[in-house]
């Protein structure tokens, strides 16, 4: 098994582990952490793939894509965290199923 | 690739996977976030191993640094509001945080 | 592990476990089947690197060959920042001034470190032309310096009004976009840098991006929702 | 000079709203309005010129950004499909902008609406034009963040939670998509769609990539059973936002699926995938319609109707797999359905928003007398209902007719049964609103409060004109049907 394989497999494992965490952990912070680890797993796959070329440096294209991905991830994480904090302020808990959320009569959005 | 390099890779990956499991299983949010920052720094090491210094720099600065700071801020915000004690409690024990923060019955 | 966190029901956990196991098998097979001998686009990048205006291949891809990706990525960053402002917006304390009195130790440390961080940021920006580094790393370090100063209780500069903040948040994107569109008037297509000016244009874009990224990271941190007093209390520096 | 300008039209479609967005951000709430109006009005002629370029060229046109050729550089691709989607985006975008001028009074909490809105339109244009799988990822993220931020804009508790649920689903979808992109690059070494089409082979990694990308996009398109985030998000968002989410945003991820499965590869590339998507689509039609029948609130009903109507889009895949594109045109049926649903559903949500402003609530049982109190809105709702049901002469009728012909000609008649059953169920939920709407007002609604919340005319007219457009599409649909097949998305030949 090559070094590339080791890292891409690790990326796949991180992806699966955090997918399980994302589904089963109710707290929003946990869900956001899970999504961040998950993207980390995908980035490992990208950079593992870049390692196939070493002349003398790896393929720069996956590196550029991962750098873009990191910035995109931190952007959406920042927004998700701001949303989670606001939800906490409004409901007293940072979970998705606050009781009777969608049944309240005034729930019409506008 | 040398034998010791290979061993180093496996050790690094093993630690990353273990940390990922710990982060997601951790009940105390504050601890989970600290572990996540450690995870980000180890990821930076992995990028160095994979000859990706650009990504290592970005991961350390953005992945671990900025994301970590934002997460700490969010966890602190959630404790600050739910805790029955004043908000300027030192950040040591976070168990009360998660109990209050997650505790929807 | 007994906890106050409401665990998902057993059924959900079993289903999630089965789902993830299935994905695991699929992904391991897929990843192991990736051909080892494919060189991807690396040869093309190497061949065209001389035309890009920079010597570092990753920077060449990010700011010239695929600069459109980077332009949209900055748009995501600006957009997320607007999102954060809009979510936190109705909390009046968002725009409250930064802390009045400073913690002496942190203040001294920040005063010592901040100039070095700005210097390091400048170095990373310059290094990105031929070595690892670039606008994002430089911006992140600049942002960290700003966060440190804010934590240390340095008052918000006078130009950071609501409008001023909006300007620094978007200036990197606006300059990038202006150059992207501007080159069309020189007879090129969108984002087509004339070869002789490529180096200069990439540097201009990177410099303004650094400033904006730094400002965005600071404002994400400061303006998100927590008043600075709470922040300092939490990090234990406000005693 | 004119020629030089023409060449740049694809770039302009993205650049116009993209330049307007930061200007609106800097300008603030008041000056953001004319900026948005100007930019969305300008987008309409740009989209028409692009459509004209596509149909006169008769083949795929490319615009290589930065002057770098594919596979290194990123291209914008103009063909019938992208031109059609751009046209719909421009028309719906402008109508919603006009409506929003009245809808968003200069309230402090909506001060970022115009910037977010223009970013969303820019990212949709970028998505519909992009010829590069990684660039599509960035475009998808841009669409998602803008859409989620718009959902959460009101700051109400339910809207915030709905936005969060949407955000998590959207990010998860993006990560699946990105994993697929990594595998595609690993397997084939290119990112450009046309180049991918040329080198795509039966390959385990490639098939896994297609599967992952499909899962990610199905999540973002809210195909059953991944629809869980849609009803709360679409019903709790401000109504103009609900309209754009149902009309355009879910179509964005569907569009990428279409490119991938009928342009780059074909539905038989992963065995069973076409049928699976079709079965999920059929289930969505039935399940979404039944849920719509059970809702008590108008906006929830309309949102579940979207869940059902998304199902129709996915019937395309099994039918294309069985028959191929040229035997019986299920492909055109799907795209045409996407277009007519975009027009009709945005009209429906805008009408629902008008009802909310007019009545102060959107409980279906309390809508008595709607036809007298807001006749234009009532008409907009009713006309868009005709498209939902698929009655002639609407655009929905043409789409369903094409689907039914395709399924009977290819011997897979059961899809036709689903289409017909969906139409009947839609008639049921549309009638739930229209029938009490024409009934007498309930006793407590006196004539005195008829004038209480009169709506600005341009809001009602914006809804009505979209509904009329959906209807007229059935009569004058041939040019659109001719346009969308330009460039023959099935062939995937590098020009």
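The chains carry the letters A, B, C and D, assigned in the order they are written, with residues numbered from 1 in each.
Everything below uses one rule, namely that a residue touches a chain if its C-beta (ideal position, glycine included) is under 8 Å from a C-beta of that chain, and two chains touch if they have at least 3 such contacts.
Fair warning: this is a prediction, and the values are worked out from it, not measured in the lab.
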item	value
Separation of chain D from chain B in steps, with touching chains one step apart	2
Between A-B and B-C, the pair joined by more C-beta contacts	A-B
Mean-CA-position distance for chain C and chain B (Å)	19
Chain A-chain B separation of Cα centroids, rounded to whole Å	13
Chain A and chain D: spacing of chain centres that average the CA atoms, whole Å	26
Approximate Å spacing (C-alpha centroids) for the pair chain C, chain D	30
Residues within chain B bordering two or more other chains	25, 54, 58, 62, 66, 70, 73, 77, 98, 102-104
Where chain D touches two or more other chains at once, by residue number	134, 138, 141, 145, 148-149, 152, 155, 160, 179, 183, 185-186, 191
Sequence positions of chain C contacting 2 or more other chains	5-6, 27, 31, 34, 38-41, 45, 58, 66, 69, 73, 76, 79-80, 83, 87, 136, 220, 224-226
Pairwise chain contacts under the document criterion	A-B, A-C, A-D, B-C, C-D
In the complex with chain B, residue positions of chain A that touch it	2-3, 6-7, 10, 13-14, 17-18, 20-21, 25-27, 29-30, 32-34, 36-37, 40, 43-44, 47-48, 50-51, 54, 57-58, 63, 66-67, 70-71, 73-74, 77-78, 81, 84-85, 88-89, 92-95, 97-99
Chain D-touching residues of chain C, taken from the complex the two chains share	26-27, 29-31, 33-35, 38-41, 44-45, 48, 64-69, 72-73, 75-76, 78-80, 82-83, 85-87, 89-90, 163, 166-167, 170, 173-174, 177, 180-181, 184, 188-193
Chain B to chain C touching residues, read off their complex	25, 27, 53-54, 56-58, 61-62, 65-66, 69-70, 72-73, 76-77, 80, 87-88, 90-91, 98-99, 102-105
Touch list for chain B against partner chain A, complex	1, 5-6, 9-10, 13, 16-17, 20-21, 23-25, 29, 32-33, 36, 39, 43, 46-47, 49-52, 54-55, 58-59, 62-63, 66-67, 70-71, 73-75, 77-78, 81-82, 98, 101-104
Chain A residues within the chain D interface of the complex	15, 22, 28, 31, 35, 38-39, 42, 45-46, 49, 61-62, 65, 68-69, 72, 75-76, 79-80, 83-84, 86-87, 90-91, 96, 98, 101-102, 104-110
